[in-house]
Amino acid sequence: MTDFLLATAGVILFTVAVGLVRILGGPGDADRMMAAQLIGTGGIASLLLIAAATGARGVEDVALGLALLAAFASAAFVNSAAPAEDPDAADGR
Amino acid sequence: MSVLQALDIGLAFLIVAVAAWTIFARGAFAATVGYVVYGLLLSLVWIRLFAVDVALTEAAIGSGVTGILLIGAAARLRGGETAGDEKSLSGAARLLTAGLCILVALALAGVVLLLPDQGPSLAPQSMQNLAETGLGNPVTAVLIAYRSFDTMLEKVVLVLAVVGVWSLAADRYWGGAPGEARAERPEPTLAFLAQVLAPIGILVGVHIFWVGADEPGGAFQGGAILAAMWMIVMMARLTEAPQTNAFWLRLTLVAGPVVFLTAGVAGAIFAGGFFAYPPGFAKPIILFIETFMVLSIAVTLPMLVAGPPRREPRQ
Amino acid sequence: MSLVLDLFGIVAIGAGVFFFLAGTVGLLRFPDALSRLHALTKADNLGLGLVVLGLLPRGDSLLAALKLVAVWALVQLAGATAAQLVGRAVRRKGSAA
Amino acid sequence: MTSATLAGLVGAALVGLGLYGLVANPQPLRKILAFNLMGSGVFLVFGIVARKAAAAGLQADPVPQAMVITGIVVAFAASALAVALVLRLFEDAGQVTLNPEARTKLPDDGADAG
């Protein structure tokens, strides 16, 4: 069972790594954010699987922290993409 | 080769590949997204090293808060990239640099391979004295008890960084709020996310701080998660960034180091040594210090990300 | 009993892996940003959900199990809002973004 | 090869990569990224010391772990200060590059020529 958990963690990690090709290729920043989102979810899944297999303590909290912050990159992307189009924002008022 | 080894090797290749992408990518934004992914993979590596406290810090600060900082900066710097940048070094200089960097990496790799299996370690001592601190998590004990002076100075570094960031403000903005005033309506989705996430996140942050006495977690990790929650609320424009001349803000920023230092001086007077905690009272004192540290961290990190004041102070 | 639980775990986690694969294939193969987004959210929802489901019986305490479910719920929330945010950004800038 | 040694080798590779980016890339933001890569490489090398010295019934030595945690926080503070400096430079000069040749090519260069 341990080997199965580790193997699935590896397969998921490999799968999301293929998703990295999207980051490399683009074509746009939105695709890059999507790939980052997928890797975030896959990373959390393999984190939980690895923890279950190796018996590291307290890993649920790490997964909880990652899950809480999963949307932050996308939020920062949208938030800072918006004012660039707004000419009023440039001079601070 | 066991499955675990295969997984380790795969993870190692993946993380080096992502790191190489953040260095060699053409666009700054693409590189920054790569760095956020890299932070996530790095916390996986720390889990593999059984350093769960570090993994938690890396997840909260390395990947989460740094991600907001860098992605925000990359988006604002768009258009600031200049065309001739790729040719700033000649081919020969590039090769020479690469060669020297490979040499440095190889030397370090050699050191890693030559490390003795049983190096000198303070682990036994730290475990022997753990009972006296009343804590169950040795990492927290090192941070707040055995090496408390380091941790106190680190808090001072954070305050100095805030002072440095604020000092970049134009004179007329001194004391004002950071960030642009935005005319547009807040994104409704972002507001929804912030409204749902913030209460849960505050709960998780306090939980991680509280269990940090005995389990992986602690003031830094809990404080960083609380900080992230304040950031998302500000990003969604549910609340304005505070004026940097607000008394409560400045008080909270310095509360952590001040309480820490006071406890250290009190130790010198009452317990016979700078940063000594009187026996029997160690755990309450440590938790007291940590509470103020959590507050300070939760306020310091968002202020660092928000940047210098960019609005004139309201009177 | 433990055999049944193991079997349950293998089936659920295996199915979860399948959805991660499907999400990645969609991300790579679909022609435009919005349908790629659609593929991505499926992986988020079902992939992680099934992995968590498979791991639930292995938890040693109720709190640990609750945390696992909370992780899944939070990723749901993050995935849904991030998809909405990115999708809106894509539409605002046209298909080039 | 143990997973600790492997992580140490990854750390060594990260230091090399980060150093290269720090030297070769003229954009300040990319230099900040590279510097952070280098830093986390150093943390990893230190982290394997923690894993190797694991004794007293622990999975990892707490002393290096605590120092790495301190290091991550300080590295973040330094990055935030550096980012604030870069953004301020961008506001004043309209561009950010440390490459003098690329800079003179722009028409609006008068402001930061000194």
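As written, the chains take the letters A, B, C and D, and residue 1 is the first residue of each chain.
The rule is short, and it goes like this: a contact is a pair of C-beta atoms (placed from the backbone, for glycine too) under 8 Å apart; a residue touches a chain by one contact, two chains touch by 3 or more.
Quick caveat: nothing in here was measured; it's all calculated off a predicted structure.
Of the two interfaces, B-C and A-B, the higher number of touching C-beta pairs belongs to A-B. Inter-chain centre distance (subunit B to subunit C, centres taken as mean C-alpha positions): 27 Å. Averaged Cα coordinates give subunit A a centre that lies 18 Å from the centre of subunit B.
Centre-to-centre separation between subunit A and subunit D, using Cα means, comes to 20 Å.
Separating the CA-averaged centres of subunit C and subunit D is a span of 31 Å.
Annotation for subunit C: residues touching 2 or more other chains are 70, 74, 77-78, 81, 85, 88.
Residue positions 4, 48, 50, 76, 187, 190, 193, 197, 200 of subunit B are each in touch with at least two other chains. In subunit D, the residues that reach two or more other chains under the touch definition are 59.
Each chain pair that touches appears in this list: A-B, A-C, B-C, B-D.
Residues of subunit B touching subunit A in their complex: 2-4, 6-7, 10-11, 14, 17-18, 21, 25, 29-30, 33-34, 36-37, 40-41, 43-44, 47-48, 50, 52, 55-56, 59-60, 63-64, 67-68, 71-72, 75-76, 78, 173, 180-184, 187, 190, 193, 197, 200-201, 204, 207-208, 211, 215-217, 221, 225, 228, 231-232, 235-236, 310-311. Subunit A contributes residues 1, 4-5, 8, 11-12, 15-16, 18-19, 21-22, 27-31, 33-35, 37-38, 40-42, 44-45, 48-49, 52, 60-61, 63-64, 67-68, 70-71, 74-75, 77-78, 81 to its touches with subunit C in the complex. Touching subunit B in their complex are the following residues of subunit D: 1, 3-21, 23-27, 29-30, 32-34, 36-37, 40, 43-45, 47-63, 65-70, 72-74, 76-81, 83-88, 90, 94-97, 99, 101-103, 105-106.
Across the interface of their complex, subunit C is touched by residues 187, 189-190, 192-193, 196-197, 200 of subunit B.
Residues 4-5, 8-9, 12, 15-16, 19-20, 22-23, 28, 31-32, 35, 38, 42, 45-46, 48-51, 53-54, 57-58, 61-62, 65-66, 69-70, 73-74, 76-77, 80-85, 87-89, 94, 97-98, 101-102, 104-106, 108-109, 111-113, 115-124, 126-128, 138-139, 141-143, 146-147, 150-151, 154, 157-158, 161, 164-165, 168, 218, 220, 301, 304-305, 307-308 of subunit B touch subunit D in their complex.
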